[in-house]
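Shared between the two complexes below is chain A, which pairs with chain B and chain C, respectively.
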Partner chain A sequence: MDSFTAITLAVFLPFILAGILPAVEKLLKDKIGWYASAVAFLSLLLVAQAAPEIIHGGTIQKSIEWIPSLGINFSFYVDGLSVMFGFIVSGIGVIIMSYSNGYMSKKEDLPRYYQQLLFFMGSMLGMVFSANTIQLFIFWELTSITSFMLIGYWRNRPMSVYGATKSLLITATGGLFMLAGFLVLHAITGTFDIPTIMHSESIKEILHGHDLFLAALILIFIGAASKSAQGPFYIWLPNAMEAPTPVSAFLHSATMVKAGIYLIARIHPIFSGTEAWFILVSGIGIFTMLLAGFLAFRQTDIKGILAYSTISQLAYLMTMYGYTTHHEPGIGVAAATFHLLNHATFKACLFLVAGIVAHETATRDITKMGGLRKEMPITFIVAVIGALSMAGIPPLNGFLSKEMFYESSVEMGHLLGGPWSILIPALAVLGGVFTFAYSIKLIDGIFLGKRPSKGLPDHIHDPSMIMLAPAIFLAGLIILFGLVPSIPVHYFVGPTVSGILLEETHLHVKLWHGITTPLIMTIVTFALGILTYTQYSKIADWQDRFNARFPWISVNYYYDATVENAKNITSKFSNRMQPGPVKNYVVALLLLFIAMFAIPVILLASSLVPHNLNFDVPLYESIIFLFMIVSALGAALLPRYIPAIISLSGLGYLVALLFIYLQAPDLALTQVLVETLSTIIFLLAIVKIPQKFREHVPSTTLVRDLLISVTIAAIIFIMLINATPGIVPPFESLSHYFVEKSLSLAGGHNIVNVIIVDFRGYDTLGEISVLCLAAFGVYNLINSRGDDE
Partner chain B sequence: MNNTLLSLTIAILFGIGTFLILRRDIVRLIIGLGVLSHAVNLLIVSTGVFDGTKVPIITDDGGHGAAEVTGTIFTDSLSQGILAPVVEAGHQVQYVDPLVQALVLTAIVISLATTAFILILAYRIYEEYGTTDIRELRRLWG
Partner chain C sequence: MTTLITKTITKICLPLVILFSISLLLAGHNNPGGGFIGGVLFASVIALTYVAYGLDYIKSFFDPDWGNWFGFGLLLASVTAFGAIAFSHNFFRSAVEFVHLPFFGEIELVSAGLFDIGVYFVVIGGLLSIFKNVGDDK
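On to the complex of A and B.
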């Protein structure tokens, strides 16, 4: 199997196999989670199939024409970056879906849960392998939608609904900005294909000199920032923690929130090396890193700490990818890529621990916990490994990438010179201090100290291996990557960095490289981190006072106000527009029609004199007309339903007869069939509805309705006598084409039939779809009863 | 085939249909929609562009459609009024217009689908609420 096929399968198999999941569920019952794990594992193997070629420095791109007229192709681009994301998405996917077998209660709606997880995984894989910006956008929004559904998994909880809505509003709107950015990029470069732009120096030169460069960059960056919860968009991620914990671990720490980071890394070769890139990406990154780091330190909900910590860690990545100068476009790329991988391991691990703790203690509030190290020894060890890696303590992998972060910050500061050479490293250390402080808080709050006398269940113990094994596996990776960094660097980080910088790179990461500036910065971080942690209550007091004083310094304050106002305004508007009853709307529409027609009638009064009236019709046609009017009146006036309906169907058959005189045999035939059917349906429905209700119309209403009806009839009459056959419109009628080409192009003698099944076949397809929809509607309406009967 | 009586009939059907869709009783409303759709179908068929009189089926004994007959054409000059005639057109056809028939054929079938749907809807409404009065329903829904 070639790599392109493997990647295509890895993306689409999850969708297909998720589609048949409900059927499989009938067989496996509550073991269905293992099926989902197997699907994820299959994707992992397929990604691995494509990997060797990439690790040896190659890239794969293949396209299938999709909308060639617009230059939009279905196209996958496989390089180090996409393969590393492919591994993270499918690998963490296997771990999460296996863990869910222990976490999700058997009473939950498991098919829906696993189906949505698999849909998400497929969308995410599709996104990271997309070469085409439009295709990338589609998969991108699919991840937003699946994330929305998973956050709102517990549909009855108001906070779940709130969190789901918030995430969708922010990430999907950000996605639209990104689409606009892609269109601007297309306007400048003339292509939707990312690798084409990436590999062409001439296109990049045009782009960098273009007036719209900044617009494209800012629009795409808004997309990335909203998805990765950066800058003011961070507010959705803490509320997304209402999702089941495995979902938070998978989507909202390891994969989906990294989509924004992925996008930044993907467009890095296109936009980097400019001041705008550094100011925007690193600027927002540093700001978010400090803000979210501080807020994480202040949380008391375990998942709250982890959520803000994720925002802060993602901001590290943003900051590092943002480090750039004209000569050195990718100062922090290697550090960022390594940290990205490490973050996926230790954060997913910590989320799994959070899930275990919440599962066993039935609370997520850190102030109600303490001293659990004795009761949950294995969980404790795993948690310590995850948290210390996050804090950056040797010899774990988090230490290595944090050293690299400091190193690149020093280099960036040095290249900028002046005050920056102190300021940027100092801000980086400050970010590290918060990280250290909240990591310690997490361990201290849950596992150390004394067990509170009440509020916790009596018997707390380590969970079953189903939940423990995935966490232990991740902890093992953390230690392995820390002790033998050459493994991840050779297989993942190196190829990714080559893919971003577009040149062969040889990275060497070692655990010990002597007393260096970054090492000194790390020691300072530890010292200040411990100091910060001991001063927790003072900092908390200060922040509470600050919040009480300035409630409006909060993005949530504006988000809530906007959503609330939008709801109020729209509901007021629609109540105003549609006060009911329905009949008034009909009257309004009819009056509008009359008014529209009144204008030409007044303007053209003189030319509306009927100049070609023709009463010369055969007697039998006149009789048909008379019968038609009589039966229509019967349908309207007969007091009982059944005679009225018989009268209506009489009208239908008369219309069929008239079609014959109008030289339309096909219509006559169809009309007879349809009339028969609809009469049957009418009678079937109506025998069940006894005529209880007799309308007593007030005379004013009656006069009004009659007036409207007569006016409409008059309008139609005036229109018809002025627009009868023999008058050809100002443009050539399509009918000529059909008459002339019916035999030569379609080989049909019956022109009407040829038009329906050949020239306008798509219309007929639409018509059949309408019939199907109506049939489904009828079926469901009939089946919709019985719930309460 | 400029038939004034047919136009009058169609207009009257429109009037009756309009009156019916203004009723409060759902069943009358549906009957009204039926009358209206007959009226619309007839209207479209009767406004085909050709002067021809033959069924639009190509027969083997000749007739390839276009024949040299003169006809009329609208101008699109608004200064003369939208409905102002009359310019001579190039060629004319011996058939009646097939395009309007194709359109109406689709419309007839779709009107069956919609009629069936709203009838069942009305039937279910009656089952749930015990009435077919639109105003009463609105009161029940609150």
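On to the complex of A and C.
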């Protein structure tokens, strides 16, 4: 199998296999999670299939024409960056779906859960391998939607719904900004293909000198920042913790929130090497790193601490990818890429531990915990490994990448010179201090100290291996990557960095460098970290007091106010627009119709009267017309329901007769059948309608309705009489084309049918989709009506 | 509505109409007919049965989830449309094949026919699920 096929399958198999998951569930029952893990494993193998070529410095790109007229292709680009993300997404996917078998209760709606997880995984894989910006955008929004569904997995909990809505509003809107950015990029460069822009120096030169450069960068960056919870957009991530913990571990720490980082890394070769890139990406990164690290102190929910820590760690990555100068575009790229990989391991590990702890103690409140090390020794060891790696303690992998972070910060500061050479490393250390403090808090708060006398279940123990093994595996990776960094560096980081910097790079990461500036910074970090930790609760209390006193100094305050206002305005608007009775809507609709046609009719009044009208109607037709008039009058005037309905359907059948006479059998058939069906529906509905037909209608209403009907009839008459004589001059009749081509191109004799299923097949697909949506709509309308009352 | 005459006529018509609807569906490419008309016919006769015998009575022994029908139809139609891509053709490209079978003689197989079958199922499923939902509403 060639790599392109492998990647295509890796992306689409999760969708297809998730599609048949409900059927498989009938066989496997509550073991369905293993099926999902197997699918994820299959994707992992397929990604691995493409890996060997990449490790040796190659890239693969292949496209299939999709919308050639717009230059949009269906295209995959496989390089170090996308393969590393592919491994993280599918690998963590296997771990999470296996773990879910232990975490999710058998009573939950498992098919929905695993189906959405697989949909998410497929979207994420599709996103990282997309070469085309439009395709990337589609998969990007798909991850937002699946994330929305997974956060709101517990549909009946208000906080889940709140968190889900918030994440969707922020990330999907950010995605739209990103799309706008891509369109600007297209306007500048003339292509949607990322590798084309990436590899062409001349295009990049045009781009860097273009007036719209900044606009494109800022728009795309807003997309990345909203997805990765950076800057003011961070507020959705803490609320996303309402999702089941495996989901938080998968989407909201290891993969989906890294989509923004991925995007930054992907466009790095295009935009970096400019001041704007450094100021925007590193600036927002450093700001978020400090803010989120600081705000983590206040959290009492263990997942809340992890959420803020994730925001802060993502900001590290942003900061590092943002380090750039004209001569050295990618100072922090190696460090960022390595840290990205390490963060995926230790943060997923910590989330799994959080899930285990919450599962066993039935609470996530860290203030109610303590002293669990004796009861959960294995969990304790795993948690210590994860948290110490996050804190940057040697010899774990977090230490290595944090050293690299400090190193690149020093270098960036040095290159900028002046006060920056002190300020940037100092801010980096401050971020490290916060990280150190809350990492220790996690261990201390949950496992050390004394067990609280009440609030915890009596018997707490390590969970089954189903939940423990994935966490142990990740902890093993943390140690392995720390002790033998050459493995991840050779297989993942090196190819990725080459992919971003577009040149061969040889990285060497060692545990011991000797006494260097970064090592001194690390020691300072530990010392300050311990000092900060002694003041932990004081800082948290101060934050609480500050928040209570100035509630308006928070992004959430403005988000809530905006959403609340929007809700009020829209409900006022819809109440005014939709007061209730259907009759009003019909009248409004018809009046609009009249208004729209009144203008052209009045303007063209003189030319609308045909010169040579042919009043020579054959006898047969005139008899049909006579009957039609009679039945129309019957439908309008008959005093009781059933005769009126029969009269109406009689009119319809007469129209069908006319079609037959005019040699249009398909139309006639359709007319007869639709008429029959609507008569049956009328008959069904008649039982439910109150039986006071045509009573108490005031004469003013009658006059109004009559006026409207007559006007509409007149308009239709004018339209028809102008349409019948022939085709309006500048246009040609289309029917010749269909008559000629229907047999030769589509192999059918029935032109009407060939038009429906072949020439205009796309329209038909749209129409049947609308029919399905209408059926869903009716179902929901009827079944949701009870909820409000 | 539930007179003996209606019931008897419905009972006799039901199988004939269903057969006719299938024949309309299959004949569609070359003669009057097609997925839409066939589907409407099928839906009408089932709807007539619901009306004649009462929804609750019919549901006691015959109660398919029409939602599955239109789901299947939409899937089939989309797969036909996207299927062309799998064979490296443009989206919606149709294919014609003539097959010679014993007894039936020359048979024309059209990929658009598969699409038409999708339309057929969507029309049946969509109309009847609306019908049933509205009819079920108390």
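Just so it is clear, the second predicted complex is superposed on the first by the 609 of 789 C-alpha atoms of A that agree within 3 Å, B and C clash if a C-alpha of one lies under 4 Å from a C-alpha of the other, contacts with A are read in each partner's own complex, and residues count from 1 in each chain.
Just so it is clear, a contact is a pair of C-beta atoms (placed from the backbone, for glycine too) under 8 Å apart; a residue touches a chain by one contact, two chains touch by 3 or more.
Only a predicted model underlies this, so the values are computations on that prediction, with no experimental measurement involved.
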Looking at chain A, which partner touches more of its residues: chain C or chain B?
B
Of the partners chain B and chain C, which touch A:F597 in the superposed model: first, second, both, neither?
neither
By the touch definition at the top of the document, which applies to A:G652: first (chain B), second (chain C), both, or neither?
first
Which partner does A:E65 reach: the first (chain B), the second (chain C), both, or neither?
second
Now for A:A746: first (chain B), second (chain C), both, or neither, which partner does it touch?
second
For A:F625, decide between first (touching chain B), second (touching chain C), both and neither.
first
Touch check for A:H736: first (chain B), second (chain C), both, or neither?
first
Contacts for A:W34 in the overlay, against chain B (first) and chain C (second): which applies, first, second, both or neither?
neither
For A:D758, select first, second, both or neither according to whether it touches chain B, chain C, the two together, or no partner.
second
One more residue to check, A:T670. First (chain B), second (chain C), both or neither?
both
Going by the contact definition given at the top, which residues of chain A touch chain B in one complex and chain C in the other?
665-666, 670, 674, 677, 681, 685, 688, 749-750, 752, 756, 764, 771, 774-775, 778, 782
Quick one: in the complex, what on chain C touches chain A?
1, 24, 28-37, 40-41, 43-44, 47-48, 50-51, 66-67, 70-71, 73-74, 77-78, 81, 85, 88, 90-92, 94, 96, 108, 110, 112-113, 115-116, 118-119, 122-123, 125-127, 129-131, 133-137
So in the complex, the part of chain B that touches chain A is made up of which residues?
1-25, 27-28, 31-32, 34-35, 38-39, 41-43, 45-51, 53-60, 64-66, 71-76, 81-86, 89, 91, 93, 95-102, 104-106, 108-117, 119-124, 126-128, 131-136, 138
Can you tell me which positions in chain A touch chain B when the two form their complex?
580-583, 586-587, 590, 600, 603-604, 607-608, 610, 612-615, 617, 621-622, 625, 628-629, 632-633, 635-636, 641, 644-645, 648, 651-652, 655, 658-659, 662-667, 670-671, 674, 677-678, 681-682, 685-686, 688-689, 692-693, 695, 705-706, 708-710, 712-714, 716-717, 720-731, 733-736, 738-740, 742-743, 749-752, 755-756, 760, 763-764, 767, 770-771, 773-775, 777-778, 781-782, 784-785
Which residues of chain A touch chain C once you look at their complex with the stated criterion?
64-66, 665-666, 669-670, 673-674, 676-677, 680-681, 683-685, 688, 746-750, 752-754, 756-758, 761-762, 764-765, 768-769, 771-772, 774-775, 778-779, 782-783
